[in-house]
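Take a look at the structure set out below.
Chain lettering (A, B and C) follows the sequence in which the chains are written, and residue indices restart at 1 in each chain.
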Amino acid sequence: MKKFTGDNLFKILAAAIAASAVFILIVTAYTLTTGSSLVLQRFGTSFLFGSNWNPVEGREAFGALPYVLGTLVTSGIALLIGVPLSLGIAIFLVEMAPKFLRVPIGYLVELLAAVPSVIYGLWGLFVFRYWILNYVETPLSNYLGWIPVFSGTPFGLDIFTAGIILAIMIIPTVASISKEVITAVPNSIREGAYSIGATKWEVIRHWVLSYGRSGIFGAVILGLGRAVGETMAVSMLIGNATGPAAIPTSLLRPGQTMASLIANGFLEATGPLEKSAYIGVGLILLLVSLFINVAAQVMVTRVLKVKGGAVEQ
Amino acid sequence: MTNYILRKFKNRLFFILCAVCVVIAVIPLLSILYEVVSRGAPQLSINFITQKDADGGIGPAIQGTLILIGLTSVVGIPLGVLSGVYLAEFGNNKYAASIRTVNDVLTEFPSIVVGITAFGVVVLGIMGSYSPLAGAVALSFILIPIVARTTEESLKLVPNSVREAALALGVHKWRTTLSVVLPAAKGGLVTGTLLAIARIAGETAPLIMTVLGNAYFFQGFSSPMDALPLRIWRDSLQPYANLQAQGWGAALVLILIVLSLNIAVRMASRGRLRR
Amino acid sequence: MNNKNKETTVNIEQVRPDAKMQSITLNAWFGSKQALKEINLTVEANAVTAIIGPSGCGKSTFIRCLNRMHELVPNARMSGQVLLDGKNIYSNETDPVQIRRRVGMVFQKPNPFPTMSIFDNVAAGLKLTGTKKGQNLDEIVKKSLQQATLWDEVKDDLKKPGTSISGGQQQRLCIARAIALQPEVILMDEPCSALDPVATAKIEELIVSLKHDYTVVIVTHNMQQAARVSDFTTFLYLGELVEYGDTRSMFENPKSEITEKYITGKFG
């Protein structure tokens, strides 16, 4: 049998090209680890747990902790606000909306994902930030400013605003997956509940959502993954704090996430150590993001394939 | 009896809340579109679109974005499509399964990390300077996994009977794939690719440390280059209102590009599904 | 995929030199499930051989072994020999692609290429296998469509998509597509089961006319169809060949009891 037939060649060529994904992964991992080796060798674990960021020669100190915390806090806000909104939208689209509304509204929600991050940032900087500042932050500061979380004089570019914009940006992701999960809930479950006299809300709350809870949880984790990796809008709205000042103590004070730090500061970095520090933050960011997304994939595919049947992810 | 009324009330309330969620989510979209159009439209003029920064235009940015799209597509689309072909047509094994997983992982990489990688490999390494190629490499790292996945999905939608018909005629598998299966999946391939292009056209973070930005038109592959997202970012941070306004103009151009790609895709797939 | 050529097990007396195709102790599996058991069958040249039997008896699997399509299914394998003009098509030096050009196939559900016109569909076999060199495509397409009794109905619409015609017409288009390559054998896997009676009648007429130039093997679950169009009939049951003979005597005088039961409709 001729081994070098056209078919064999084609298959081997295609297989080799498919490996470009692996190539990308390896190149990324390699670049990040070698790039951050300088700072990691110099500071070790204090890079992860330290808070200072001082590039001045002779007194260098680099710690990624404030930015890790900043990422977690902004993402937390994004989830806190974005998930209920997304669920509400998903429920509306699947259970409530009249047929003629489903496609247009679904489309509008999808369009939210098509807007580039930098334009969210631009809009946030000139428009949205003032809405938040005037209608939320200033009253919050005036009346509840004595609570540490709301301390400080807000001027609109802070952790809170960044968190809210993140919430908006993760809505398309969380809503569309939740929509699929809810659609995948078998009708027999709903019918059983209706037949014992439950109202629609009760059916959704006690039966549909609980049946789909692991899928929805997976959608939430995926949204978290998006929020963690989001760069531009956050970097433009978070206030660009560095060092210990970036530790998130109050929602109304400026902060910094891992991604925004790199976007805001990488080009200004002087010297190999400082550049290595930024790359080190990038490495931590990648690892966090990978962990979250792998966990989400496992949950979502398991649920949709096993329970959904009709809907395959 | 009152318990029933309470439950009915809760029911009503709940649905109003869900509808409110939809409204809350749609408001930012409408506001963004409104602001971009109202603030950006006054900027638009032939001069604005064709001249360089010093002459009050965003020509270099538009050119840069188009160059990046072109470079990225030339390399990324064939690689992505062929990857998808492998996964769909020969992909019934462990090797393919692991490639699929890697692809899924790659689509979730933070884009700033992709920028750092391209910085290390191209700016510090291959080219030794900020370069359009570095930007194209970064963007293709984002494009390839997306195109691979959508290609695989489109090819899987082609019914097996079509492949069998060709194979039964004595057509080689490679010829079947290229001349029969791929054309049959053309619609899905095109829409998937257009969506991927719309995505990379709007990416900023990977460009920051790869093409850097430039006030002038394309100056060769060893020089920094501008791009629309970068221009928007820079202008937004300027303290001068007229420069900020240019940022809105650039945003309008970018949104027009991205949205028209999205809408074209939407209309194309609706047409196909109807048939 | 296990298609080792077991030369040593062939009984020379078994080989019928004048038969067009012959299967010799043909076994076929899907994974661990055996679909065909020791099938020894002769296919006469320029005749229509029908393969009948209840669902799941292995008829489709059998004819797919005749053009090496069976092996395209993951986990499928076979053993034994299939001879075409006396030569084993499963021998190591034989290219399955070449076999499929000599042994064409028409499927149960019409499958014209969706992106091609009627003309291009018929010409596809020639274009895609590189056998078109120096040949007049227009002539060949016309001849094939004529032989498939479709020419008059589509001659003014050759540029229209292959999927724009009715089901029965699409199936005749698929037959024309197969004929265009001038195969020696045409395999048909329940070609009429997706068609209405009028289209079915047209195709049955066509099948009878084809045997002048080709050898035809047709799988059908419709016994009356087998009686109408075929010269020889084979009855398969649970993967085994129960009976084979010329159609007339098999239907009037089945030798095996199972055959008799199936033919008289006692089970299906």
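Following the convention adopted for this analysis, a residue touches a chain if its C-beta (ideal position, glycine included) is under 8 Å from a C-beta of that chain, and two chains touch if they have at least 3 such contacts.
Note that the coordinates shown come from a computational prediction; the quantities given were computed from them, not determined experimentally.
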(request) With centres defined as the mean of C-alpha atoms, identify the chain lying farthest from chain C. (result) A
(request) Taking all protein C-alpha atoms shown, work out their mean, then name the chain whose own C-alpha mean is nearest to it. (result) B
(message) Can you work out the whole-Å distance between the CA centroids of chain B and chain C?
(response) 48
(message) With centres defined as the mean C-alpha position, give me the chain A-chain C separation in Å.
(response) 57
(message) Roughly how far is chain A from chain B, centre to centre by C-alpha average, rounded to an integer in Å?
(response) 18
(request) Spell out, as numbers or ranges, the residues of chain A touching 2 or more other chains. (result) 5
(message) Show the residues in chain B shared as contacts by 2 or more other chains, in ascending order.
(response) 172, 175
(request) For chain C, write out the residues touching at least two other chains, lowest number first. (result) none
(message) So in the complex, the part of chain C that touches chain B is made up of which residues?
(response) 67, 69, 72, 74, 97-102, 104-105, 107, 109, 111-115, 124-125, 128-129, 174, 177-178, 181
(message) So in the complex, the part of chain B that touches chain A is made up of which residues?
(response) 7-8, 10-11, 14-15, 17-22, 24-26, 28-29, 31-32, 35-36, 39, 79, 82-83, 85-87, 89-90, 95-96, 98-99, 102-106, 108-114, 116-117, 120-121, 141, 144-145, 148, 172-175, 177, 198, 201-205, 208-209, 212, 229, 232-233, 236-237, 244, 247-248, 251, 254-255, 258-259, 262, 266
(message) Taking the touch rule as given, give the residues of chain B at its contact with chain C in the complex, in rising order.
(response) 92, 159, 161-162, 164-172, 175-176, 179-180, 183-184, 186
(message) Can you tell me which positions in chain A touch chain B when the two form their complex?
(response) 5-7, 9-11, 13-15, 17-22, 24-25, 27-28, 31-32, 34-35, 84-89, 91-92, 96, 105, 107-109, 111-112, 114-123, 125-128, 168, 171, 175, 199-202, 204-205, 225-226, 228-232, 236, 259, 262-263, 266-267, 278-279, 282, 285-286, 289-290, 293-294, 297
